[in-house]
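You will see chain A twice below: alongside chain B first, and alongside chain C after that.
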Partner chain A sequence: MLAQELLKKIQDVVGPENCLRDEADRFCYAFDSSLLSQINNWVPDLVVRVKTTEQVATILKLANEYRVPVVPRGAGTGQCCGSVAWRGGITLDLSGMNQILSFDLENLQVVVQPGIVHAELNKALAPHGFFFPPDPGSTKMCTLGGMVAFNSSGQRSVKYGTTKQYILGLEVVLPTGEVITTGGAKSRALKSVAGYDLTGLFVGSEGTLGVVTRIRLKVLPIPEKRGLVVAFFDELEASGKAVVQIFRGRLLPSAIEIMDRTAMKAAGMYKPDLNLPDAEAMLLFEVDGSPVDVTYQAQKIAEICRQFTQRVEWTDDPKRLGELWAARGVVGAAAGRVKEGATRVYIGEDICVPVVMVPQALKKIQELSVKYNIPIVTYGHIGDGNLHAAPVINTYDQEEIEKVKKLGDEIHRMALAMEGTTTGEHGVGLTRAQYMEEELGLSLDVMRRIKKLLDPNNILNPGKMALEGE
Partner chain B sequence: MAVDKNDLNNLPRLLLPCVRCGQCRSVCPVFLAKGVESDSPRGRMTLVRALLEGKLKPSDLLNEKLQQCLLCRTCVMECPSGVHVDRVIIAAREKLAEKKGIPLKKKVITRWLLPNLNRLAAFMPAAALLEGIVAVRVSGGYYRPRLNLPLVGKRLLPSVGGKRPEFLTSSTGGSFSASSAGRRVVFFTGCMTNMAYPRVAGAVVEVLRRHGVEVVIPKELVCCGLPMLAAGDRESFLRVREENIKVFKKYPGLAIITACASCGSTLKEYYAGGIEGKVYDFTEFLLGEVDFQPPRGVVERKITYHDPCHLRKAQQIKEQPRRLLKSIPGVQYQEVKEPDRCCGFGGTFSLSFPDLSQEIGITKVQALMDTGADTVVTACPGCMLQLADGLYNRQSAAAVMHVAEVLAAAYRAEERQN
Partner chain C sequence: MLAQELLKKIQDVVGPENCLRDEADRFCYAFDSSLLSQINNWVPDLVVRVKTTEQVATILKLANEYRVPVVPRGAGTGQCCGSVAWRGGITLDLSGMNQILSFDLENLQVVVQPGIVHAELNKALAPHGFFFPPDPGSTKMCTLGGMVAFNSSGQRSVKYGTTKQYILGLEVVLPTGEVITTGGAKSRALKSVAGYDLTGLFVGSEGTLGVVTRIRLKVLPIPEKRGLVVAFFDELEASGKAVVQIFRGRLLPSAIEIMDRTAMKAAGMYKPDLNLPDAEAMLLFEVDGSPVDVTYQAQKIAEICRQFTQRVEWTDDPKRLGELWAARGVVGAAAGRVKEGATRVYIGEDICVPVVMVPQALKKIQELSVKYNIPIVTYGHIGDGNLHAAPVINTYDQEEIEKVKKLGDEIHRMALAMEGTTTGEHGVGLTRAQYMEEELGLSLDVMRRIKKLLDPNNILNPGKMALEGE
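What follows is the complex of A and B.
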C-alpha cells in the first residue's frame, strides 16, 4: 500500500482521474504477454497515467523520496514481464504521451513522444514517403517507448537493423527526477560522437535506468518496390545452407523468414486455402529497392535456392506477394490452434543462434516437443538466427505449466550452448534474468554498477534484468 | 451457436485462447476513447478470467467495465487467436447478474418495455401528442427532448407521430401480404424499426414487392432479444426467443428477412436450431435470392455508407449494400475513411453511457462529414438513430437513410419517369 501522503501528492501532479486505484483497474496492469505474468498476481498499488515530462519527473522524485518502485509501461505487449510491477508500487502508464512533436524530414528525422504506437507512426510518415524501418510483429499495438526500452526489431532487421540504429537522441527522466537529453541537448545532427554514447546506454535498458519521455528518430525513404522469393525444402539443413549461400552471393534481402514443418502445418490448419505443400521447411526472402534491383535480386536468390530445391517461386505482384506473406503472417495466430483445449504461451520464445545453427536448433526444439509431449510451433527470422518457439498448453493445468517451464529452460540453455543468446529482441525482464550471469559474465557486474549510479535507491523497475544480483 | 448450451459454463474455454497480445487494443472504440487497459478487450478478458478464478470479486468498477462494451465485435475481427470477446462479455454479464441482479433501468427495458412493444403501440397516437410538449421538433422527422427524459436522456428521438405505413398502423405488427405471386417471406421488423423507423419497414416492403416477393409481417413477433442477452438476462431472452419461434413455426420454411443488422445477427446466431427458415439481411436477400432489378429512376444524392458492426462483423455483409447503392442512377458514391468504425450506439449501451456513446460517435460522424456527402446511408436503424443524433449535434444537414429507403426512392422515381 502506498502512503496516503504520497498518493495525495501524486494526485496533485496528474489529477485524481489519472490515478487508478481500484483493484479491477490495477489488475489489468498486472500482466504483459508473458506466461510468467499470467500465472502470477503482480498487481501494482497504483497506476498513474502521465501526459508530460514534468509530471514524470515529479513522480520519480517523489517515488525516490518515498522509496517506492516505479515501473514504466507502454502497451504491455512485452513478453518477459518488463512492464510488470512485481514488487507493487507505481505503474507509470506512458501510452497517453502519444504525439508526434515534429517532422524534420529534410533532415531524415522526427521527434515523438514514447506512447505513440508503431503502426500509427508509420501511418503518419507514409504520405511523406518515409518510414521507421524496425517492424515488430506487434506493430499495431506496441509503443515506441517500449521499442526503445527493448531495442525491438522485426523481420526486416536483416537489412535494416534494430531500433538502436535509428535513435538519434532521447529525453530521459532519471530515477532521481533529473531530466537529461542524450545525443546532444540541441542537436538535430544525424550523427555525432560528442561524449559517451548515452543514447546507446538507454536503448535496451528495459526501463531500469530512466523513463524515456521524448525520442528523436531517424527515418528512411520507403523503398520503391518489394519482391518475394518463396522456397520449400525437403531437408532443414538445406534451408540453412541456402541462406548462407545467398549472403555469399553478395545479396542482402530485407527479410529472410523460416517456417518449419510445425509452423507450416499450423498455418495450413488455420487457413487451408493457403495450400502449403508438404515440406520440412519454407523460406521467404523479401527484397526491396528500385524495380530493376528487385527483379535482379529476386532472380539471383531464386537461382541460388534452386541449388538446394526445385520448389522455388518469385513474385513482385503485390497481390501474390500478399498471399505468400500471408502464411508467415498467420503463423503466430495459428499456433494456438494446433491442439484443442490448449493455447500458445510465451516462454522460451525468443532465442537467437548463429545463422548456420538454425536448422540444428529447429531439430532440437522438435525433439524437446516430443520429450515433453507439448506441441511446439517454430518459426522465425533465419536471416539473423532469431527463432520464435510457441509451445501450446492448457493454461488451466498446473502440471502442463510446470512442464512448459522446464521446456522453456531447456530451450534457453540450448541457445547458450550454441553460442547464441536467450533473447534476440524481446528482452530479459524477469523471465530471462536467471541466465544473465552465464550469458553476460563480468559485464553484468558493470551493468549493476551503472544501475547503482543512476538509481541509488533502486526504485526504477527493480529486480529486472538480474541487476540486483543474488 | 446453441443457446441452451450456455456460454456461461463454457467461459473457461472461451477465455483460454487469449494470449494477452493486446492486438485488440488497436481497434476497440471504447479503449480508443478512454485509453485505460481495463477498457480494452484484453483487459476485459483478464477481468472475466480473474472473476472466474476468484482473484477478483465483483465490484462496481468491474461491473461498469464489463457493461462498457458495445458488443461491436471489432476486436473479434482483429483478434489473431479467435477469441469470441462478445460471447465472453455476454456470459460474464450473466454471471454478474446472477450475483447482483439486473439494474432496474435495464429491467424496465428488457423485461417489460421490449417484450411488450407491439402491445404498447396502441398508445402511439397518445405519445405523438406528447411529442410536441416534451421535445422540440428538428428537421428530418426528429425531436430533441427539452429535458432529460427517463431512459433516453436528451438524445435525438425520431417522431412516433409521423405517418406509418399501412401495415404498421394498427400496431407495430400487422399482417401484410404484398403481391400474391412469387416467393413468400417473413419480415422481422424489430423494435427499432417498428418504433423509430417505420418508414424503413415501408421501404423494405416496397422494394421486395417490386421483385414479386410476398411479405408477411406477423403481428405477434416481439423483440429479437439482443438487449436481454446484452444485459445478461438470458431468462428474458429465452422467453422472447420462444415467443418468436412459435410465430415463425406458423410459416414453415419461409425465409426470414430483416433490415436491422442487430436483429439479423441475433436471429442468425442465437436462433439457430430453433427456426427452420433461413435468415437473410435485406441486402443479402435482394442480391442473392431474387433476380435483382437495378432501379432506373434517378436519385441525385451524394452518398456515403456506414457499415453497421452487426452486419459487417457479425454477418460478413460488406459488399451487398454498396453494390445496391452503386446500382442507382444519379448516386455519387463516396467511401468514408474507416467505414467499419463503430458508430458507438450499441443499443442499450447508448442509454447507459450516453456521453461515452456520443464521444465514440464523434470520430465516426466527423469522418462521414469529411466525405462531403449529403446523405449518410446505413443498414441498421440503430446506427441511423446514432448517426442522426451525431450529425445534428455537429450542425450537419446531411440526411440519414437506410439502403432500402434509397432504393425505394429510386423505384418511385422510375415510376414517375414512366
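What follows is the complex of A and C.
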C-alpha cells in the first residue's frame, strides 16, 4: 500500500480521476501475455494515467523520495512480464499520451508520443506515402513506447531491421526525474554521431533506465508493391537450405517466414479453407519494391526453392496474397485450437538461433513436445533465425504449468547451446532474467552498473532484466 | 615522458620491437586529417603495437596503475583529432590486428579484428556474393575498428544506414582492463534483445569507453546491379525539391550526392575530361538492385528530376557509370586545386542539416566563403542532409589559419541554428568538443557520468568528446 501522503501528492499532479485505486481497475494492469503474469496476481498498488512529460517527471521524483517502484506501461501486449508491477507500487499508464506531434516528412521523420498505437501511426503516414517499417504482430494494439522499450521487430526485420534503427531521438525522464533529449537537444538531423548513442541505450532497456515521453522516428517510402512466394517442404533441412541459397542468390526478401507441421495443422484447423497440403514445413517469402522488381525477385526465389521442392507458388495478386499470408497471420490465434479447452502460453516463445540451425531447432522442439506431452505450434522468422514456439496447455492444471515451465527452460537452454539467444524480439523482463548471467557473461555487470548509475534507488521497473545482481 | 618502470613492463608485454620510442616513429602518429592535429604537434610519448586482446588488457591495467593516457588508433584517417594523443601518453596501434577470424556467411555474419581495412574486408567478401554496406570515402585505408569507434558511414547511408546497424557484437577491453563481449557472450544470433544495447553504446564512443578487439558484423548480399542518374540544376533550391520528390515518389536510391558549383569547378580543374557543364548544382543518384529494378528506378528518378531541369542523364553502363561517378570521386582530392599552393583543410566539414535545408546551407557556405575570402568546395550526401564543406587555405599562413577557424565555427553554428548537427559521420573528437553542451544539452551530463563510471581514472582517450565537464 502506498502512503496516503504520497497518494495525495500524486493526485495533485494528475488529478484524482487519473489515479486508479479501485481493485477491479488495477487488476487489468496485472497482466501482459506472459505465462508468468497469468499465474501470478501482481496487481499494482496504484495506476497513474499521465498526459505530460512534467507529470512523469514529478511522479518519478516523488517515487524516489518515497522509494516506491514505478512500472511504465503502454498497451500491455508484451510477452515477458516486462510491464507488470510484480513488487507493487505504481503502474504508469502512458497510453493516453498518443499524439503525433509533428509530421516532418520532407525530412523523413515524425515526432510522436509513446502511447500511439503502431497501426494508427502507419495509418496516419500511409496517405503521404510513408511507413514506419518495424511490424510487430500486435500492430493493432501495441504502442510505439512499448516498441521502443523492447526494441520490437517482426516479420520484416530480415530486410528492415528492428525499431532501434528508426529511432532518431527520444525525450526521456530519468529515474531521478531529470528530463533529457537524446539524439541532439533540438535536432531534426537524419544522421548524427555527436556524443554517445544514448538513444540506442534507452531503446530496448525495457523501462528500467527511464520513461520515454517523446519519440523522433525515421520513416521510409512505402514500397510500391508486394509479392509472395510460398513453398512446401517434405524435409525441414531442405527449408533451411533454401533460405541460405536465397541469400547467396543475392536476394533480400522483406520477410522469410516458416511454419512447421504443427503450425500448418493449427492454421488448417482454425481456417480449413486455407487448404494447406501435408508437409514438414512451409516457407513464405515476401518481396517488396517496384512492380518489375517484385516479379523478378519472386520468380528467382521460386526458382531457387524448386531446387529443394516442387511445391512452389508465387503471386502478386492482392487477393491471393491475402489468402496465403492469412495462413501465417492466423497461426498465433490458431495455436490454441490444437488441444480442446487449452490455451497457448508464452514461455520459451522467442528464441533466435543461427539461421542454419533453424531446422535442427524445430526438430528438437518437436521432440520436447513429445517428451512433455504438450502440443507445441512453432512458426517464426527463419530469415533471422527467430522462432516462436507456442506450447498449448490447460492453464488451470497446475501439473501442466509445472511441466511447461520445464519445457520452456529446455527451449531457452537449447537456444543458448546453439549459440543463439533466449530472446530475439520479445525482451527479457522477468521471464528470461534467469538466463542473463549465462547469455550475457561479464557484460551483464556493466549493465548493472549503468542501471545503478541512473537509478540509484532502483525505483524504475525494479527486478527486471536481471539487473539487481551484485 | 613515461616512467622507465612502466616502459619496461610494457616491453615485457608486447616485446621491445613493438614499443616505438624513436621520435621519428612517434611523429607519424601525431596527426589525423583534422586541421587541429596539423597545427599542433601532439606526439605520443610511446606507440605500442598490439596483437592480442590480452596485451590490450594488460596495457590498460598498467595505464590505470600509472595514470597514463591511452589513445587507441587504427589507420589514423579520422577527421576530428580523435586518435591523436594530445596529452601525450601511449598511442595503442591496433592496425596489426587485421585478421578475419570467421566467415559465417550462411548466417550472414563474419567476425573480424579491428585493424582490418574496410576495402580488404569487402574484397574478401565479394567472391561469396556479400558485402559490408557502410562505405566511407577512406575505404582503402580506414580500419573497421575506426569505423566502429566513429560509427562511420558514407554515400550509401541514405539506404543502408551507418556502421552501427551492422554490428552484432563486440569484444571490448574496458578502460580498467576487464574484457567483455557484447551482443551475447557466445552468440551467433542475427537478432537479440537480451540486455541493454552495449554494442550500440560502444559504437561511436570514439575510443573513450573501451578498446574494441573483435567485431561480429552482419553482411548483406551484393546487389546484382547499379545504375546512376545525373542531373544538373540552375538553382540550388530546385535540387533540394527534386530530392524530396524522389522520396515522395516511393523511391529509395542507394546514394544521393550533391556537388555545388564550387565542387563541380574543382572536379573540372582536376579532371578536365569530365566535361561538366555550367550549373549551380549537380545531383548524382545511385540506384541498386535487380537489373530490371535498376532500370525502373533510374527512369523514374530521371522523370522526377525533369520536373526541375532538362539536363538529366542516366546510365547502367559500367564504363559511363565510372566516368560520371568519378566527378564525385575526385572532389575530395580536387578541392586543393581551386587555389594555387593551398591545401584543403578539415574544419566544419561534416555538418548535417534537415534535408530541405541543404540548398540554404549551401548558399550560406558560399556567403561565408566570400566573407572570409577563403575558397570552399562543398559536396555531400544530400539524401540525409550531410554536407562536406572543404575550405582551401595556405596552411603556412597563420592569418589564414585564424580566419578558417572562425569560418569553421560559423559553419558549425549555422548547422545548429538549422536544427542540424555539427557532425553527421566524422565524429566529435577534439575539434567539435566545444559544441557539445549546446548540441546535446542535458544528455551530455549522462554521457559524462557513463564515461566516469567505466573509466574512473580518465585514462582512455581523455579530453575528447567534451566528456570532462562537471
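What we mean here is this: the second predicted complex is superposed on the first by the 469 of 470 C-alpha atoms of A that agree within 3 Å, B and C clash if a C-alpha of one lies under 4 Å from a C-alpha of the other, contacts with A are read in each partner's own complex, and residues count from 1 in each chain.
Heads up, the rule we're going with is that a contact is a pair of C-beta atoms (placed from the backbone, for glycine too) under 8 Å apart; a residue touches a chain by one contact, two chains touch by 3 or more.
Bear in mind the structure is a predicted one, so any value in this text is a computation, not a measurement.
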Partner chain(s) touched by A:Ile222 [first = chain B, second = chain C, both, neither]: second
First, second, both or neither for A:Met141, with chain B first and chain C second: first
First (chain B), second (chain C), both or neither touched by A:Lys319: neither
Touched partner set for A:Val203, first chain B, second chain C, both or neither: second
Residue contacts with chain A in the superposition, chain B compared against chain C: C
Interfacial residue positions of chain A with respect to chain B in the complex: 20, 22-25, 27-29, 31-33, 37-38, 41, 49, 75-77, 93, 95-96, 117, 119, 138, 140-142, 330, 332-333, 336-337, 341-346, 394-396
Chain B residues touching chain A - in the complex, by the definition given at the top: 12-13, 16-23, 25-26, 35-38, 40, 42-43, 46-47, 50, 55-56, 59, 61-62, 65, 80-82
Complex contacts: residues of chain C adjacent to chain A: 104-108, 128-129, 150-151, 153, 157, 161-162, 164-165, 174, 178-182, 184-198, 200-201, 203-205, 209, 220-224, 244, 247-252, 289-293, 295-297, 300, 352-356, 384-386, 416, 419-428, 432, 435-436, 438-447, 449-450, 453-454, 465
